[in-house]
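Here come two complexes built around chain A, the first alongside chain B, the second alongside chain C.
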Partner chain A sequence: MAYAANQSILFDNVSKFYGDVLGVNRISLAIGPGVTSLVGPNGSGKTTLMNLMTGLIWPTKGSVRVLGLTAQDPERFFRLVGYCTQFDSFARGVTGREFIYDSLRLHGLTHKEAADRTQESLERVNMTEAADRKVAAYSKGMRQRVRLAQSICHHPKVLVLDEPLNGLDPMARAESMALFSALGKDGMHVIISSHILHEVDRISDQVILLNSGYVVAEGQIQGVRDEVKEHPMQIMLRCSHPGLMAAKLFAQDHIMEAKLHDDGRGMLIRTRDAGRFYSQLHEIVLEGEIDLEAVAPADDDVNSVYQYLIGSEGATV
Partner chain B sequence: MSSEGLAIPMRAKAEGYPWQLWRTQLLTILRLELKRNFFKLRGFWIYLLAFAPAVIIAAHAATSRGRCTLEEDTTILAGIFELFYLRLGIFFGCMGIFTRLFRGEVIEKSLHYYFLAPVRRELLVLGKFLAGVIAAIFFFGSGVLLSFIFMNGHFGQAGRQYVFAGPGMGQLGSYLLVTVLACIGYGSLFLLMGILFRNPVVPAVIILLWESINNVLPAMLKKLSIIFYLLPLCPVEVPAEGLGTLFTVVADPVPIYVAIPGLLCLSALTLFYAARKIRSMEISYGTD
Partner chain C sequence: MAVYKRTYKPYSGELTANWTRFTILPRYSLAKIFDSKILIGLLLVSLLPFLVAATIIYLTHNPIARTLIGMRGENILSIDNRFFFQLLKIQGSLAFLITAWIGPGLVSPDLTNNALPLYLCRPFSRVEYVLGKLSVLFFLLSLVTWVPDLFLYVLQGELEGNGWLMANLSIAYAIVAGSLLWITVQSLLALALSAWVKWRIAASGLMFAIFFVAAGFGETFNQVLRTYWGHTINLVYLINEVWADLFGVPTNVSFGRRGVGDPRTLSVPLGVAWAVLLSVCALCLLLLNRRLRAREVVR
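On to the complex of A and B.
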């Protein structure tokens, strides 16, 4: 999808080398609003890409622009961008509230404005009770949440989150996911890297798969899946007479395999052409011999796409 | 939550520079730096460098009544100032204070918070530098002031006469001026070292040697030294023989009207270079 330059995050043939070590190579991307997930194993370049996006590191080649701006213009750039890094470190002796308040003061806000926005962002991450305790006494999950609060406290248009779910308990994780999803639906650019693929999968509008510093695939989950032509799609069917269904389906050459379920109430189909499969299925159902109870893609998620593209050395799930 | 960015409290560039925003940011950086980095227990050795001479002089004042003259003690104070404060105390104190400003944050992995704020990095350099200068002047200015008070105080009426009706007050003013200039000069230098080097101790030793041999350097190179501008401003000549002259006598001293602007220019150039370097600095804690 094409986006206007001032509405998207643009990587133009970006390479980053750390000495002789490759960070990312020849990345060209246009990331629009919504939730975008960066997925890849450790060392694949996810954090490098995020650091390039936010000006913590500079590209060796190429250019990065976020909503038409670069980090060389920090006064405008960082009003629009919030970054929750993986660095689990804070200035000594600071409390959660001070940490966010000081950040807002650097934005030029008055004491009252900064105090109000600090309270607001603490409430968003459910950290109001612990806000006046020293960060050093926080659990990992609390530190993660207070860093998240700091990254959204100035109401950015672009929110970059490097492994934001690390250390969170299930409740906080679900709340964070809901928050990211809501922000994405609000029109914010939310960029998330995570190893927890099934959770990222649920809220992502698009995914960027990385391996060894290269973009392996990008786009909507379905679109990425379609790029994997050599890998057949798996579709689960629940129906009456699965044997008959399998026989009818095998009349077409795109069906590669059908595995009947042990309970005799369904099967797993592997097909090279999902579009043709669904058309054929529709015709079979209209014939009225077989009752179709359920049909669902069995591998149309980030994890399976990722496994197809990168292989078994992929991310931990 | 609204996804709109903050209302930017700055005017468009065409209307002028956002001085109000810069002022707020500068004051915030100053407050944060002074609160986080100074007046903490871990700076104990800097307090020791600043106040040890005052303690020793106080002990001397308490035990040597009548056994020394005002002239002798004035010369001893001048020696302490030139040989201890300028050559060691302020030098190493500034090293401890100013190299920490950036390198310390890299070690503690907290510098990225500043880099992700809407603050020009040049302003960050200035804010951190000013915070360091305020702290250094507070410590070493207080140390010098106390040393002066203790050294002259135990002479009673003669001491008061010397300070308030004689050259004493002028000498104190000169000592404090030199202290301020030394903090600015060495501060800018060590701030730059903290940006350029992962381990600023080695360059600090090289600078110490450079400052020590200033007297024997060619005229052009002498001007690239902090001590070259400071020693001519010291109010009392320290009698020295042999090797001592290397540290207390300046060959071809510059007049005051050159020394003060000269040192300030040197510091400004150093800060300017530091600001240039910080613009391209990257956060790579893993390799530091």
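On to the complex of A and C.
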């Protein structure tokens, strides 16, 4: 998808080397508004990509522009970007409120503006009650939420979140994901790196799969899955006569395998051509011999694509 | 297709001046530091020379007070450039202890916790970060060096009268310039050690080693080779050389009891002393520049 330069994060043939260590190589990307997930194993270049788009490091080659700006214009650039690191970095004795307030003062906001926005961001992450307690007494999840609050407190248009769901309990995780989705729908560019693949799959508008410093695939996860030709698509069917259904399907050469479910009410199909499969299925259903209850892709989630493309299994915590 | 409302608006209101933002950093550093009873004790001890000097100045100008405490004679001490030079030497030593105590804890926690990306993803540069951390040491060390010394200078001038203040402006200059140089050298050294040595006790120990083990090594070098160039690695000696020049007192020939003509009684040239001290500062800045990055490369 093409985006206007001032509406997207543009990587133009970007390479970053740390001496002789490869960070990322020849990356060309355009990241638009919405939620984008960076997925890849350790050392794949996710954090390098995040550091590049937050202006913390400069590319060895190529250029990075965030909504038309570079970090050479720090005052405007950093006002657009919010970064939530995965690490604890709180001064001893500081309260949650003070931590956010100080980050706003570093952005140059006046005392009153900083105090108002601190309160607003605390409310947004449901941390108002604990705001005046020392961070040292917070649980891991509360610390994560305070970090998230400090990254959105100055109303950035680009929000970069490094492993934002780590340490959150299921309730806080669901709230955070709802918040990311809401921010994405507000027109913010939300970039998330995470190993919790099935969760980022649920909230992502697009994923970027990285491996060894290269972009392996990008786009909407179903689209990426379609491109993985060497791995047949798996589709789950629930129907009244699965044996008959299998027989009809095997009339076509794109069907490679059918596994009947133990309950006799469904099966798992492996096909080389999902398009042709769905057309054929449509015709079979119209014949009226078989009642179709459900059809669902079984391996077009991030986890499967991740395994197919990178060859390593992502965590599913 | 996702529909984006684009309701999110970044802040576009009034901003504070860029140069003031480094002052955010010392706030919590100082709060944390003043939690330490040891530091408060050190600060109080560091103020003792000031109190003693103030008493001496007062007694020098008040014969009645001298009589009341049983002191006879015209004067107990001459309040001049030598007086302030000796005072600064004592305060400089105490300032070193304060630096060795708090300096190593200033940067290493941020590196350990990977806090630098959080600082640097704002309109806040590495230079401002270093300035913010340096300001903690400058504030504390100023409290025990040039600030009380300037107060004493004014006190002496007021009590002496007869244009003493204006006639001895060079003392005020020596107090401020000498103190700031010493504060700069040891603060940068402390920050550089803090950035490279994560264990605070080890960093403090290393600081003592740089000042005192190097001095001992330099002195051994002088003894063995019958030279004075070993002093070039003795930072305390070098700063004394510079202070002596600033205050206009004889240079540091009293190190050791040696005969006239012994090369070890000769001073390191003043230019060399300045050059070594400034080189130490430059080296520390180089070390900080290498270490203070928003990312760490895992090889």
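By definition in this document, the second predicted complex is superposed on the first by the 309 of 317 C-alpha atoms of A that agree within 3 Å, B and C clash if a C-alpha of one lies under 4 Å from a C-alpha of the other, contacts with A are read in each partner's own complex, and residues count from 1 in each chain.
Please note the rule applied: a residue touches a chain if its C-beta (ideal position, glycine included) is under 8 Å from a C-beta of that chain, and two chains touch if they have at least 3 such contacts.
As the structure is a prediction and not an experimental result, all values here were calculated from the model.
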(request) Once the two structures are overlaid on chain A, check if chain B and chain C clash or fit side by side. (result) clash
(message) Quick check on the superposed pair: does A:T85 touch chain B, chain C, both, or neither? Answer first, second, both or neither.
(response) both
(request) May I ask you to decide whether A:F180 touches chain B, chain C, both, or neither, giving the answer as first, second, both or neither? (result) neither
(message) Let me test your reading of the model: by the given contact rule, A:R124 touches which partner, first (chain B), second (chain C), both or neither?
(response) first
(request) Give one of first, second, both or neither to describe whether A:L56 is in contact with chain B, with chain C, with both, or with none. (result) both
(message) Under the stated touch criterion, which partner chain does A:T47 make contact with: chain B (first), chain C (second), both, or neither?
(response) second
(message) Under the stated touch criterion, which partner chain does A:F11 make contact with: chain B (first), chain C (second), both, or neither?
(response) neither
(request) Check the residue A:G34 against both partner chains and state whether it touches chain B (first), chain C (second), both, or neither. (result) second
(request) Check whether A:F277 is in contact with chain B, with chain C, with both or with neither, and answer first, second, both or neither. (result) neither
(request) Return the residues of chain A at which the contacts from chain B and from chain C coincide. (result) 18, 51, 54-57, 74-75, 77-83, 85, 87, 89-94, 102-103, 105-109, 150, 154-157, 183, 186-188
(message) Quick check on the complex: what are the chain A residues that touch chain C?
(response) 18-19, 21, 33-34, 43, 47-48, 51, 54-57, 74-75, 77-83, 85, 87-94, 98, 102-103, 105-110, 113, 117, 150, 154-157, 183-188, 205
(message) Looking at the complex, which residues from chain A come into contact with chain B?
(response) 18, 51, 54-58, 72, 74-83, 85, 87, 89-94, 102-103, 105-109, 124, 150, 152, 154-157, 182-183, 186-188
(message) If we count contacts the way the header does, which residues on chain C are in touch with chain A in the complex?
(response) 2-11, 13-16, 18, 21, 24, 27-29, 31-32, 35, 109-110, 113-115, 117-125, 293-295, 297-299
(request) Could you please specify the touching residues of chain B with respect to chain A in the complex? (result) 1-6, 8-10, 18, 20-21, 24-25, 28-29, 32, 36, 108-110, 112-121, 279-280, 282-285, 287
